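For clarity, chains are labelled A, B, C and D in written order, and residue numbers in each chain start from 1.
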Amino acid sequence: MCGIFGIDGDPGMEEAAAKMAYLGLYALQHRGQESTGIVSWDGSQLHLKRGMGEVADIFKQEDLARLPGYRAAGHTRYSTAGSSAVTNAQPIVVKTSMGPLAIIHNGNLVNDRRLRSDLEADGSIFQTTSDTEVILHLMARNPRADVVESLMTALARVQGAYSLLLVSSQGLIAARDPNGFRPLAIGRQEGTGAACFASETCAFDLLGAVLERELEPGEVVVSRGGELESYRLPVVPEPSRCAFEHVYFARPDSNIFGREVAAARKMMGAALARSAPVPADVVVPVPDSGVFAALGYARESGLPFEFGLIRNHYVGRTFIQPGQSIRDFSVKVKLNPVRGLIEGRRVILLDDSIVRGTTSRKIVRIVREAGAREVHMRISSPPTAYPCHYGINTPRREELIASAHDVEAICEHIGADSLAYLSLDEVLSSLGGAKESYCAACWSGSYPLRVDARNSAQQELFPIRSADDPGL
Amino acid sequence: MCGIFGIDGDPGMEEAAAKMAYLGLYALQHRGQESTGIVSWDGSQLHLKRGMGEVADIFKQEDLARLPGYRAAGHTRYSTAGSSAVTNAQPIVVKTSMGPLAIIHNGNLVNDRRLRSDLEADGSIFQTTSDTEVILHLMARNPRADVVESLMTALARVQGAYSLLLVSSQGLIAARDPNGFRPLAIGRQEGTGAACFASETCAFDLLGAVLERELEPGEVVVSRGGELESYRLPVVPEPSRCAFEHVYFARPDSNIFGREVAAARKMMGAALARSAPVPADVVVPVPDSGVFAALGYARESGLPFEFGLIRNHYVGRTFIQPGQSIRDFSVKVKLNPVRGLIEGRRVILLDDSIVRGTTSRKIVRIVREAGAREVHMRISSPPTAYPCHYGINTPRREELIASAHDVEAICEHIGADSLAYLSLDEVLSSLGGAKESYCAACWSGSYPLRVDARNSAQQELFPIRSADDPGL
Amino acid sequence: MCGIFGIDGDPGMEEAAAKMAYLGLYALQHRGQESTGIVSWDGSQLHLKRGMGEVADIFKQEDLARLPGYRAAGHTRYSTAGSSAVTNAQPIVVKTSMGPLAIIHNGNLVNDRRLRSDLEADGSIFQTTSDTEVILHLMARNPRADVVESLMTALARVQGAYSLLLVSSQGLIAARDPNGFRPLAIGRQEGTGAACFASETCAFDLLGAVLERELEPGEVVVSRGGELESYRLPVVPEPSRCAFEHVYFARPDSNIFGREVAAARKMMGAALARSAPVPADVVVPVPDSGVFAALGYARESGLPFEFGLIRNHYVGRTFIQPGQSIRDFSVKVKLNPVRGLIEGRRVILLDDSIVRGTTSRKIVRIVREAGAREVHMRISSPPTAYPCHYGINTPRREELIASAHDVEAICEHIGADSLAYLSLDEVLSSLGGAKESYCAACWSGSYPLRVDARNSAQQELFPIRSADDPGL
Amino acid sequence: MCGIFGIDGDPGMEEAAAKMAYLGLYALQHRGQESTGIVSWDGSQLHLKRGMGEVADIFKQEDLARLPGYRAAGHTRYSTAGSSAVTNAQPIVVKTSMGPLAIIHNGNLVNDRRLRSDLEADGSIFQTTSDTEVILHLMARNPRADVVESLMTALARVQGAYSLLLVSSQGLIAARDPNGFRPLAIGRQEGTGAACFASETCAFDLLGAVLERELEPGEVVVSRGGELESYRLPVVPEPSRCAFEHVYFARPDSNIFGREVAAARKMMGAALARSAPVPADVVVPVPDSGVFAALGYARESGLPFEFGLIRNHYVGRTFIQPGQSIRDFSVKVKLNPVRGLIEGRRVILLDDSIVRGTTSRKIVRIVREAGAREVHMRISSPPTAYPCHYGINTPRREELIASAHDVEAICEHIGADSLAYLSLDEVLSSLGGAKESYCAACWSGSYPLRVDARNSAQQELFPIRSADDPGL
């Protein structure tokens, strides 16, 4: 998962674009903390700064001062395994015969390996192992006077989930794949009138922009000084919007696919209270993602909502495991029970999903050790039984506990007194819109887009290990 | 404010003490993020590491490996103005004729300036501007065969608020001032049987320790291999436990002065619902400190509790203000409203205190801009009208809005439709124990301990500015 | 200018290759201090580390440990203007359909801009502005089963001065351009039998290797486990070996083009004593480059040699100019006169060349201020009147004082009592071999290889400015 | 060994003092590269910056900007073993009842341990293990209205070798011990008229200052705005100026104890040619310290001087030893022979001293391997048989090869064909002045000042190990 943000204003707004991108990315920080980067265009050249870490740590005042211009875009990247081969931080910038281009991408292509092989056989040289770079090479091989045309030609060969931004001399271009897997919204900044693009609408609030609309699946929008023009990629019969964005990934104050996330989650919690009631004393969320569903559950069930688990937000990137002596350390370091709220009570624990089961098992144990009389786990989505091929960083199928175990077995594994999931139908009801317009592959296994054989193979892409120094 | 943690085990627990201190400090991170440090004793020498920043950033695996021993203590320090003169990071370590000593201190002395002058006139040379160092010099001037005796002689001359830890060859010594302003708890680690000392009990949970009891006001406890021995400083008639710890500072999962903080806050919220009801649609906390009071208020009033303000936890230390163009930026960067939960509603906002009034004013405005029909501010403590001299970092009297304005004027200033505070009596009722045993100076102005004239003068202490390099 | 070094041994010599490259580069440090890098091949992948700075600062023990393998090559780069656009540090590594390749290059191509344009028009994407990368793209576009063939096909299209090393799975390949502008020597390490390649033979000494021979102009040598095989590029009628290597650039303990540099310089100094004698008391070198010529001059003239100027070797990269108040500061910070050796004497100053004249002017002034009665400047090469297009970093023609001034005018400008240069013929006599086999373009203006029009244009190559963070 | 520099000007020269100190220290860099620091006084407070490393690396433009004032002093420190306990970098700054003081010290006290014990027993707390800090504590214990008086009272109790600078609000004070072991010169900057103090006169040249005179042994000079006033410590019958400064330590362009170092060394070389002639073909110095003696030897003997060993100046602080496979690596990495100048010749090697013998042994071997027919070692001082207690960092007696071996045995150990030293009498003749006015303890064993028993004991001073973070 990643967060992307772009802004394109009047050439008059000289210095501001990168600063606005900085704020937008900061609001999208929950979508990825591993690396971040911003590129700006000042009318004659691109300016780039990327770094490993969080937005507020990487960008200093002087960095933003070195990113002048009225057009900018940026990226926050989620930690993914196996990417240490070479730098995959975004934006990726290149020079082509159409001039300098910068690309930023949220999603996952499903046929990039084959395209990459073809391009390499033809003599293209890749800088990264990122699927994003494939799009740039396709564009470089098919230059057009109009960059949008070159991009659309490239996207016609590409399959997968993507919401992308392209910074060029000709404009800021936003594109969403024909399936519309990932969200991408258009906003307008009050005052400057600049056009904004963001993975989630919460990125608009801080900089005083308001949501205009989402890009349609398959839509390509180019902004030139804030003026928008729209193009369409060849259509698919039905979009496949990612339902998991609502369940877990997005911020509760964002509006995704036409509905506020907080509202959707509360509806899921309420539906869960109706479908899976249980005699209990308190409803306790697993913070932060379970909070709204727990509020919905509590209200619908009439049971008291309690903050029985406190989250510690100070976990740094290199938190040290102090030996093997502390049981459930990985969870305890983040969550601590409030004994007075749990002791002697029958607790309903609300969480958004169970992936491997190990974390849930630890949480249940912690809650029991704090004195809970009973622990009933309620999950505000169906069992996660299939990996995502469209940009969510789930483990392989065999690591997903629900891929091989039924609810009863999972309940036993995590040590709860009872366990219930929300049905797929109820999740989709909470989201609004046609139920067929959502991708629910991680729960149902019915994938809307086939993964190319080369991509499945997953062989090593880059036989080069680099440990370059700062400043290179 | 600061967080302190110490542990003293069997000489057998060789490597573990510093690691446990690391975990304890991590749990106390909310009490200070500016600097941190750990000192360990391995039976023959002290090992020290301090740094500017948060615990998880400063200490790496290799740092902890360089802090061997079975006795350790550490510190997290809150950012305080005017301290850039020279390093004031703790622990402070010195060599005396009694051997090496390390001191760690939470609180604020009220007569350290006079003591410092006297010592300097006598030829003592100070390394820091910290009041903590005064105690070490007093000890160095009055060495005893028994370090505890030397410490007690020194403390007899010192006045103020302190909870301190002293690491020496003779044991880990904990001391709490006779007024008992700041909390200091004794715990026992299961398994190792090591003795622990911490500002708050939440520090015990992560490392599997359980609360034994708090130190009494004026008590000095020495641990030698986990065996405790207790001494007493000359008594005062009545302790003065800091009520503000419960209102704002402590973590909700801590037990302070005999009561769990979450419970106390919920009681304050409920009392506020009884004393200051208002027709409304939702109760919304200002996160994180207002959450439990809001839950109490909502339950007592029967109004729905809603997470209408989302807190962004990714604010780094150097977050950049992007020009003056964004109104209320300093608050918006931390809090974002969930429009769907606020729009068209009459909102009760719950917060723990109003200091200068500027933040509250911005929050009210943000909530109004998100569409609230009415905004009623409720504060779970009395008006903060007097500065704290005992360790809480409040601004000077003239900056406290309640020092010169009545409730009506404050309400107007922050732009709320109504404003109500909780009475002092109701706050103290929620804390348990004798009401006279608490310090409420910040609300009442009645200070239990007089500040020495030299300390009030506040002249510059150290005419030296240092910018030494890493590694010195 | 740059220094290059490569080594290729038996797959048995597992860990050693990068360490040997480190030593080789260290000995070549005088050829460039701006950046350095080493790449190694371990039989299955390339390992890379580059950094800004000197060899001994960039590579730590752990860095070399992360560069395993029996084949390695490295680079030290001289600071050149205009290269901050994007990283140009070498080695450059890429993945092609022939596998991973790393290239290292000393020299300067004269038709790379045109080739780059053609490649870009065809869809190639460049990572750097370095001419070196062009060769890799030409290879990627013309892959062959045999990497040597692919390289030779690429080199057939390339014109200019180069000595290069290519690390591939198929071997370590060394190539020298058909004109043979830059030196490149083959050595053999005693003990391991590994093949070595270096810009100068001084790189062999430290690691116990001995000179076998130089590569011939236009020769391509591939080492596979130390076994050498030789290929030839299309010949040119006459080589053009860089005479300036002997005059200034190479280390005195190196053997270049068949003659030890120290010997050549002493011959030049002696020739200068014969052709430009002057009554004087002492011969003083401008250290370090003028030392051997001064020894030759002193011996031939019978005048005493004196170290009248002391060089300070501690000048860091960011030495601060402390205001404008100190005249001749830029020279004084490096050179200090020994007053006792100069005062009251007639001094012959020996230097290798005069470029802009500003430094010589300052040196003459410093020597006069130290009390010299007369200052006679003697230069051990002809006037530098033309820029180099083949890899020496000379300023543009209009900045070269000898391009527009005769010897008398230069003498007046630098403030010497007399000035004399060594004739071109005498320089070439000192070097040995056929006089026509040397490039003397910087003195004569007769360029052996024409610069392509596109290269002369010198427009901006890369409209992207990057300030990426460490670790990317 | 250390280098010290101070400057005190008119309060008008606002910004310049630290910059001048920077230049002065840079010129003294050869006296110590481990750490450096500068302190400045701006009329109301001290400003300090210290760092590990060389002057040009530690001080950036912005650092000097943060050291305002018209009075400044600095230090470069030589790496000494055993000092990693706590920071010993200088200047040491403290606040006393006389105001802030900064001290800088070159030398070595011989009774500081006893003084330190007494002070600690009295309750003083030390920050460092440095003998320098003792002087500050003695001053703090005996404050006077006049800082000079306080310093002189302190120095009356101190014994040893020192040249020190004290920065105070009352002036810049320079002091030289009554024995006058270490040099300390007074200069006057042209233009500003500021007073300067430096270990060596080469520090004056770069900043346009000229030598006025040396401080007398036992003299204390205070500068107030450049006006000098002189005081005297109780006298000793005869000074003991360090002869080794001339032989090895000082820069050849410095004037020490009234004679230029280059001249003294040339005289030593010439004397050695007369006293220890040998049939040979060339005279080759071990660079850099042997160069001038070699010139003197060559001229006196009529033999040709040749730079047969080239020194590589790029050795960083952490140069890596690449395995044990390369014989004589530690020397080879610094010195490389010029084969053409050595091969087939009878070589006289000139060096300043032999300490352990291991380096000389390696150098002789390298020269033989380069083809020398004979190698005759000539040393421009007597055998170093006794350790220095007055500030030169020599190894313990048992490590000095001359402490237990006669010349013949040493010659055999280092593998030379012959070996000869210069006699003590001839060394002292080359220095000028009364021969009794020099300390020659390292050669003669007759120590002018007895070392206190406590100092000889050398027990561990500080049972605290610190690894504090940057910025503390």
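Note that contacts are C-beta pairs under 8 Å (C-beta built on N, C-alpha and C of every residue); 3 or more make two chains touch, one makes a residue touch a chain.
Please read all numbers here as calculations on a predicted model, not as lab measurements.
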item: Maximum centroid distance from chain A, chain identifier (CA atoms); value: D
item: Inter-chain centre distance, chain B versus chain D - centres from mean C-alpha coordinates, in Å; value: 50
item: Centre-to-centre distance between chain D and chain C (centres being mean Cα positions), rounded to whole Å; value: 36
item: Gap in Å, rounded to a whole number, between the CA centres of chain D and chain A; value: 62
item: Chain D residues counted as touching two or more neighbouring chains; value: none
item: All chain pairs that touch each other; value: A-B, A-C, B-D, C-D
item: Chain B partner contacts - residues on chain A that touch it in the complex; value: 16, 19-20, 22-23, 26-27, 29-30, 33, 54-57, 59-61, 64, 191, 202, 205-208, 251-253, 260, 262-263, 291-292, 295, 299, 304-307, 310, 312-320, 322-323, 325-326, 329, 332-333, 336-341
item: Touch list for chain C against partner chain A, complex; value: 35, 37, 44-53, 58, 63, 66, 87, 89, 93-97, 99-100, 120-121, 123-127, 136-137, 140-143, 461-472
